[in-house]
């Protein structure tokens, strides 16, 4: 499982460009920061109120006033800045983020995302996810291809309450990279240990194939 | 007009059925001392407006654990299992609001706006309970202003005029809430004489602040 | 004329209470600050971005970055704070001001105020006046009783474009103090060198008399 | 990604028909050096969004005096006689907006809001051209978001990452405008290396800033 998460994070890290301002969701998306190439300078925004977020500090140097949106100790890099939640969401909603990376309970071929509520079961709340999806220029979904019960998380249509309608741009799983287009999902890349057959079998959504299908590691 | 008060004065500000805004983001920047006094005061049937309901094993979460709340308006309750339990049992009314909408509602309450139009939540269940307003061909949700009786604010430094500084990510909702409540109570790590905070560096101007409690040992 | 302005400013200064947060408009209203009793601590807000405004500095100590909304050099008192225009008008519109004092071209018995535009002639713009009138708890108008052509500025109904509808609470002139009530204007005070007859003659608006008519100096 | 640029680079950013936001409040906190470069660049038919049009005998007022503008959105034009003259002659389109509405429109543009509802201007001529929206029995004007191609900002200190501090009343519209434009050009009195401004004291985070010009002698 941790290998799967690493693979997804590593692949998404390649999507980020020098100078990008990026917000990473809680959980697997947070790991993306560990795989940014040295020659690419990405600025991370933390929705609880700062830009220039850096990695976890060495043990013993954690500061309870310096945590990410998932309550994990982090650091701030030179040139970073703190601000209040109104400014934080002005950045997020106002189109100042180049990309956000978010997890999914379900994602579908219209680019809809569901990740905040399982009615009658789990209702953690949407936190900042609805603002992130509507505001960021690119919305990248980081998700395992299937649920623990081996059911596809990539659907013709989400059945859970939506976080965002039609906002997802790219879906990265341990098996595949799909681009969301006006014509639906486009399979662009296949993991080196997967196959088109496996992806077809485990994907409930319809998708078409890119002209040039690439492989990712 | 001395704004610096003691614990007894703060306790006297609390009452049943109040509507409270409490700063903080999952316990970071939460006014733990003020919450302690609120818990001691015995106030019940409270409405909490805040980003979240903290952790169930930490201070901000105790307002839920000790069943002081009848209503919560928040963006996220996943870190306090007791909130979900009381919500599912019908003991606690929970209204979930996107975080950026929540902070704009609070800001609108403090800034005298009748609301703001946000694209956030269009096409989701959040839109079901909201008025939709179309502007130049695009749909927005009307987010109405929020105000409260009392704001509980955590500051890093306060001066005796009530000017506030916050530390790192502990700032979050605090400065916005300090503008949107009838009375504003601040817990400060340090209190300095007026004039020691550069007026160019002030984050919350003292005019918003009614009471300041020193949260340290030396009180 | 300067004596008239001083009298109006002095009378309005008596309206302000200890602890009040007050915004003074440009011109005569600015003079109110000079007449606040020593035992009353009023905090002045300047709409261009600070609270704790103090008097003009000694000659040679003016700072071009520290001026009031009328571009006059001022100072900032201990405990004051600077902020941006969005915060400044959040204070103004959000009900955080206890009072504002504004000048008038016309004011009427419904509490309407006109002070930003003479169509075809003078259109300086409303600046912050519309926000001040709608946001401050008390709106006090400081005005000469008549125009230079000796016409009443206190009318049954304003004829110039309005700055605010029904927001004025008190009108102070060199002759009279009127309170705006739901039943119209109530004459509460007469200047010691004026008379009820003179006020009746020079006031176009209808007004009733307070039970106890006072005199002011 | 060095943000510090020279005068030639700044001049190259200007073009005819641009929509500009320019910080300042009647010349206080106005970016006089950037306005100089704009005047030198020869750009014409510009739209200015700002609090006012400065004094006709000072720098910010010269954009009007030299007839570079075809449209102004401002709250006050009384300090520049030339603005009124061109408005009355029909050479300049002037839209007057209450100051608090103007700054909220700019903020909405930067914050991705579809607009805000303000009570300011109800019952006045300002309401005639506005959409009225009733919320809970009270009428508000819909103030739509404003954005521009270029923001010209005056800062006190900038660090090389673009983080900004402002001095005294020279802050005014500058931080709000820095969030609402496609490109943001800053004139700073002093430029320091990144890290020299405490991240808790930053007023405008560097992510909003594209270019910084030193306005001093040493350039």
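As written, the chains take the letters A, B, C and D, and residue 1 is the first residue of each chain.
By definition in this document, a residue touches a chain if its C-beta (ideal position, glycine included) is under 8 Å from a C-beta of that chain, and two chains touch if they have at least 3 such contacts.
Note that this is a predicted model, so its numbers are computed, not measured.
Participant: As a quick test, compute the distance in whole Å between the mean CA positions of subunit A and subunit D.
Facilitator: 35
Participant: How far is the middle of subunit A from the middle of subunit C, if each middle is the mean of its Cα atoms, in Å?
Facilitator: Centre separation, subunit A to subunit C: 55 Å.
Participant: Measure off the straight-line distance from the CA centroid of subunit C to the CA centroid of subunit D, and report it in whole Å.
Facilitator: 29
Participant: I need the residues of subunit A touching at least two other chains; which ones are they?
Facilitator: Where subunit A meets two or more other chains at a single residue, that happens at 50, 76, 82-83, 86, 89, 92-93, 134-135.
Participant: List, in ascending order, every residue of subunit B touching at least 2 other chains.
Facilitator: Within subunit B, the residues that touch at least two other chains are 104, 107, 111-113, 118-119, 166-168, 199-200.
Participant: Which of line, ring, star, complete or other matches the graph of chains that touch?
Facilitator: If you draw each chain as a dot and join those that touch, the picture is no line, ring, star or complete graph.
Participant: Go ahead and list every pair of chains that touch.
Facilitator: Chain pairs that touch: A-B, A-D, B-C, B-D, C-D.
Participant: Which residues of subunit A touch subunit B in their complex?
Facilitator: 46-50, 63-67, 69, 71, 76, 82-86, 88-89, 92-93, 112, 117, 122-131, 134-135, 161-166
Participant: What residues of subunit A sit close enough to touch subunit D in their complex?
Facilitator: So the residues of subunit A in touch with subunit D come to 18-19, 21, 41, 43, 45, 50-52, 76, 78-83, 86-87, 89-96, 134-135.
Participant: Which stretch or stretches of subunit B touch subunit D in the complex?
Facilitator: Listed in rising order, the residues are 104, 108, 111-119, 133, 135-136, 138, 140, 142, 144, 165-168, 199-201.
Participant: Mind pulling up the subunit D residues that touch subunit C in the complex?
Facilitator: So the residues of subunit D in touch with subunit C come to 25-29, 51-52, 55, 74-79, 84, 87, 94, 96, 98-101, 103-104, 107, 118-126, 166-176, 203.
Participant: In the complex of these two chains, what residues of subunit B are touching subunit C?
Facilitator: 1, 107, 109-113, 159-161, 163, 179, 194-195, 199-200, 202, 205-208
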